[in-house]
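In what follows, chain A forms one complex with chain B and a second complex with chain C.
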Partner chain A sequence: MSLHLENLDLYLSSGKLPIQVLDKISFSLEDGQTLGIVGESGCGKSMTALAIMQLITSPPLLKMEGKVLWNNVNLLDLTKREMRKIRSKEIAMIFQEPMTALNPVMRVGDQIREVLREHNPGNRKSENKKIIDLLDKVGIPSPEQRAQNYPHQLSGGMRQRIMIAMALACGPRLLIADEPSTALDVTIQAQILEQLRELCREFKMGLLFISHDLDVVGYLADRILVMYAGEIVEWASTKELFASPAHPYTRALQRSRPKKNQKNKLTPIAGNVPPLDQLPQGCRFYDRCELREDQCAMQRPPVFKINEHHQVRCFLFAET
Partner chain B sequence: MMLFVLPASLAPWIAPYDPETISLSEQLKPPSWEHPLGQDQNGSDILSRLLYGGRISMYVGFWVIGISGTIGVLIGLISGYYGGWLDTVLMRVVDILLAFPGLLLAIALVAVLGPNLNNVVIALTAQGWVSYARLVRGQVLSVREQEFVLAACTSGISDNRIMFRHILPNIIQPVIVQATFNLAGTIIAESSLSFLGLGVPSGTPSWGVMLSEGKDVLFEAPFVSIFPGLSIMVMVLLCNILGDALRDYFDPKIDS
Partner chain C sequence: MIGFILRRLLLLCPVLLGVITLVFFLIHLIPGDPVELMLGDSAFSADKDELREQLGLNKPVYEQYGRYLTGLFKGDLGISIHSREPVLENIVERLPATLELMAGAMFVAIGLAIPLGLISAVKRGSWIDQLAMFFSLLGVSIPNFWLGPMLILLFAIQLDWLPVNERGSFLHLILPAITLGTALASILSRITRSSVIETLGTDYIRTALSKGISEFQIVTRHAFRNALIPVVTVIGLQVGVLLSGAIITEYIFDWPGLGLLLIEGIQTRDYPLVQGCVIFIATSYVFVNLLTDLSYALVDPRVRLQ
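== the complex of A and B ==
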């Protein structure tokens, strides 16, 4: 079981103009591994996730090119019906906002039952047992009562746990988590992350973890992709990325996060991400880069290999 | 409301007289102890006729909101959920139907189909579903963008289940409110059609028919038309009050 993205391009329509939201995204994720994607808002993290799940509808979807290979099957070629079989059964996804990602007028137990029923229907009794088991597994106390609750009766952390239970209901091989802990407070966030890690280990499930928080990703992931303005700017093992960040953007991200015993002020990254319809001709990070050179403005840097586990899209590493 | 629905539905058991008995010797008798609301020009008991007439209003009212509600909700759901050309086509049909003045279309249809009770239902349904379709479509458009719909989609749940299990329960409240107001409108429309002789065959007790029969003797015996008119008014008023109350109940924003 593995996921390979090869040169995935995604174009959306905005008004009349097509804008390219993802540019040649390639990565692979083997069974049981955890891959983190970091980047700031609007860099294409969530779009990558939605594109893998084939959840972007037209409009605004204009076209998708490249390959999303899941066990060597290109998901872009599947029909709607075939894709539905893969969702949740093989690849599941959890979302950022546990407040809105649950149906407010349905008991949470029934929402999990829906997923079960769609993929492997059983009788009500065995379903009930499975629901309770799932809730128990994601750390919900007194699952029998909680299953009868409506979402508004549960706290944010609980709701996120319910989402995870729903995602796990059909025993997926890959879980895509799109900022699952962002809307929660820090202690709950830590619990949820820990829970996710354990569950992935227990089910030997791959995890694609998306966040804007480098520390959170570093905590979970084996390898990290750094995205900026729709492209991958750096790709490295977690250890390597933290020890020797290569791309100026990654370095700036590192500097902008708080550390233990923080004395001086945090260093923010000046400026904003360029709008996707006004991308510069050269490097997309040019405007904000501290180490920019003349050629960066003219030419888009290709991907350079630093070593086996480390690639970067920056001219600074051209000689290596 | 129950004050009307209950007696009307129990009419055959509680009506003091047969509504179609003709007793020409007792024409246009004013209200008395034997006939609390008087007798019409055929000598039939007005109270009994009112009770039976209420049945017709209810019959038409409930069938029309039932059928047009179902059709409208279905079309609104499909239109709002799938969008695209299907939405465009369906909504143009809605626009075309809305371009007709309501009663005119119904009159034309009944004229073609012939006046009887079921054709009245068909005629009123023909345009009745439109308002539901619009309402539901608008609601679906906003609910569809919520994350739980995307989440359901992610779980591989089919479009039908998403529409009926996830979206519909979230938007049903305004539909119920709409239905109550629609009931009032339908009752008026049925009465109007009957008044114009395009509803139920004359002789059958219906509020509209009674009103139209009463107008010939308006000066000698005003009570013949006053009571059915009053019934229509109070019934419609009650429907509207009920609709208002339901809206207040469902809408937390107006809560004060």
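== the complex of A and C ==
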């Protein structure tokens, strides 16, 4: 399996005006790898994930351009019916909000059954067994009873595990996890992350992991994309990104996270992400950048290659 | 569940007592003497006094109230002044007609509204949606006392397709049921539409979409049941409106139900009959509300009956 995004542009309608939410997003994710996406709230992480799955409905979707190549097939060219065969069977997704992502009036077991029935139909008994196995696999105690529960009877962590079980049901080749642990408390968060990591290893499944927390992404991912205001500003292997962050935004992100042996010395990034309908002409990070130059206000920086595993969208790295 | 029902029934007692008291005293505030009406101006005053005594109308109001309450406990709603029969018998005799009319209207309303609302929501903005919403606007705007006669004029008199006046075969039910059900159908189709649209925008619908199941399954299996929750609430609340609409509809179509009985009672100043009818209607309304609350639990597993 492989996923390649090539110059993906996404336009949404917000009120009457179209806004460009994603700008020339390109990356690739090869078999069994974990790619992390980090960035502040509103920078387009979820939209990237939803665009791959083609889950953005119209409205607000206006248009998508570019390519989402899944095993060299452009998903944007598929019919609805063909796309349905990809969802969950080949690419599955877990969502940001475990509290609202499950249907409140359907037993969780039946919600998992629905995926099985769509892609791997069997008889009820074999489905039941599969459901129990899945629940067991994602660490849910007494799975027989839990399968009979409605979502409101389960905690947030349990619901997210149900979502994971549902995503794994048909053995997808790629799992997209959009902040799967953000809404949960810290201990549960750690358990879920560990679980995801093991499951990906066991199923040899690719993982696209999204979070606003650099440490969380660093823990799971082989490579990391840093997004800012709808574009990718840095792309590097995890090791390299932590050792030598290039983009001023990435550096600011690093400084703004809590570290061990350090009390109350977080440095938040001053200012806000510019609204997508009022983007500056030059670099999108210009207003908040500590290392800005005159050029940055005038001209949008292109992508520069630092080495084979490291690219950045910043004039500081122009090969002069 | 059983405990919940018992507790709710117990809570109904003060409500019902309030209703009975209110109705009783309101009726006695109405000017006019039923005895005069029954015997006419020319009757001897001795005869009038005798009848008053017979009906208990010569006693002070509080004593009449007390007697009425104790009677109620025995299922005695008093004797109709006009028919000289127990009021309860009159009501029970007329009840099936009203139930039939309301069931017909409910059938028309739900049968039209839910499919229309669902299609409108799924095909939002399409010509089907716009047409359906136009008719639903029309439906709430047309009063039933206008719609009823118009339907009679067109379908019974001009075209002579359907029978009217009095109850009988299924065909007799069609026009009254449409008359009574139209407004409710309009309200329900709007509620269904907006509820389905809201449901289709939720996170769990996106989850369902991410499973690769078809849009048809998403609408029928995921959106519909969730969207039904507010619709059930409105149906429950609208039963009262339907009941009052039934009174007018029965009058228009000469439909021999409770509403017509009530109107006859009012026209003849038949205190006990009017009183009995109003109390009966109010009581059924209260019970329908209880049933509505119970039905939530059927649609929504989050509702725990405690």
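One rule holds for everything that comes next: the second predicted complex is superposed on the first by the 317 of 320 C-alpha atoms of A that agree within 3 Å, B and C clash if a C-alpha of one lies under 4 Å from a C-alpha of the other, contacts with A are read in each partner's own complex, and residues count from 1 in each chain.
The working rule: a contact is a pair of C-beta atoms (placed from the backbone, for glycine too) under 8 Å apart; a residue touches a chain by one contact, two chains touch by 3 or more.
Computed from a predicted structure; not experimentally measured.
In the model built by aligning both structures on chain A, chain B clashes with chain C.
When the two structures are aligned on the shared chain, A:E118 is found in touch with chain B and with chain C. By the touch criterion stated above, A:L55 is placed in contact with chain B and with chain C alike.
When the two complexes are overlaid on their common chain A, residue A:A92 makes contact with chain B and with chain C alike. In the superposition on chain A, contact of A:R84 is made with both chain B and chain C.
After overlaying the two complexes on the shared chain, residue contacts for A:H4 are found with neither chain B nor chain C. Within the superposed three-chain model, A:M106 lies in touch with chain B and with chain C [touch as defined at top]. Of the two partner chains, chain C is the only one touched by A:Y150; chain B is not. Within chain A, the residues touched by chain B in the first complex and by chain C in the second are 53, 55, 84-89, 92-93, 95, 97, 100-106, 114-115, 118-119, 163, 166.
Chain A meets chain C in the complex at residues 50, 53, 55, 57, 80, 83-89, 92-93, 95, 97, 100-106, 114-115, 118-119, 150, 152, 163, 166.
Listing the residues of chain B that touch chain A in their complex gives 146-148, 150-158, 161, 165-166, 169-170. On chain A, the positions that touch chain B within their shared complex are 53, 55, 84-89, 92-93, 95, 97, 100-106, 114-115, 118-119, 163, 166-167, 169. Listing the residues of chain C that touch chain A in their complex gives 202-204, 206-215, 217, 221-222, 225-226, 299-302.
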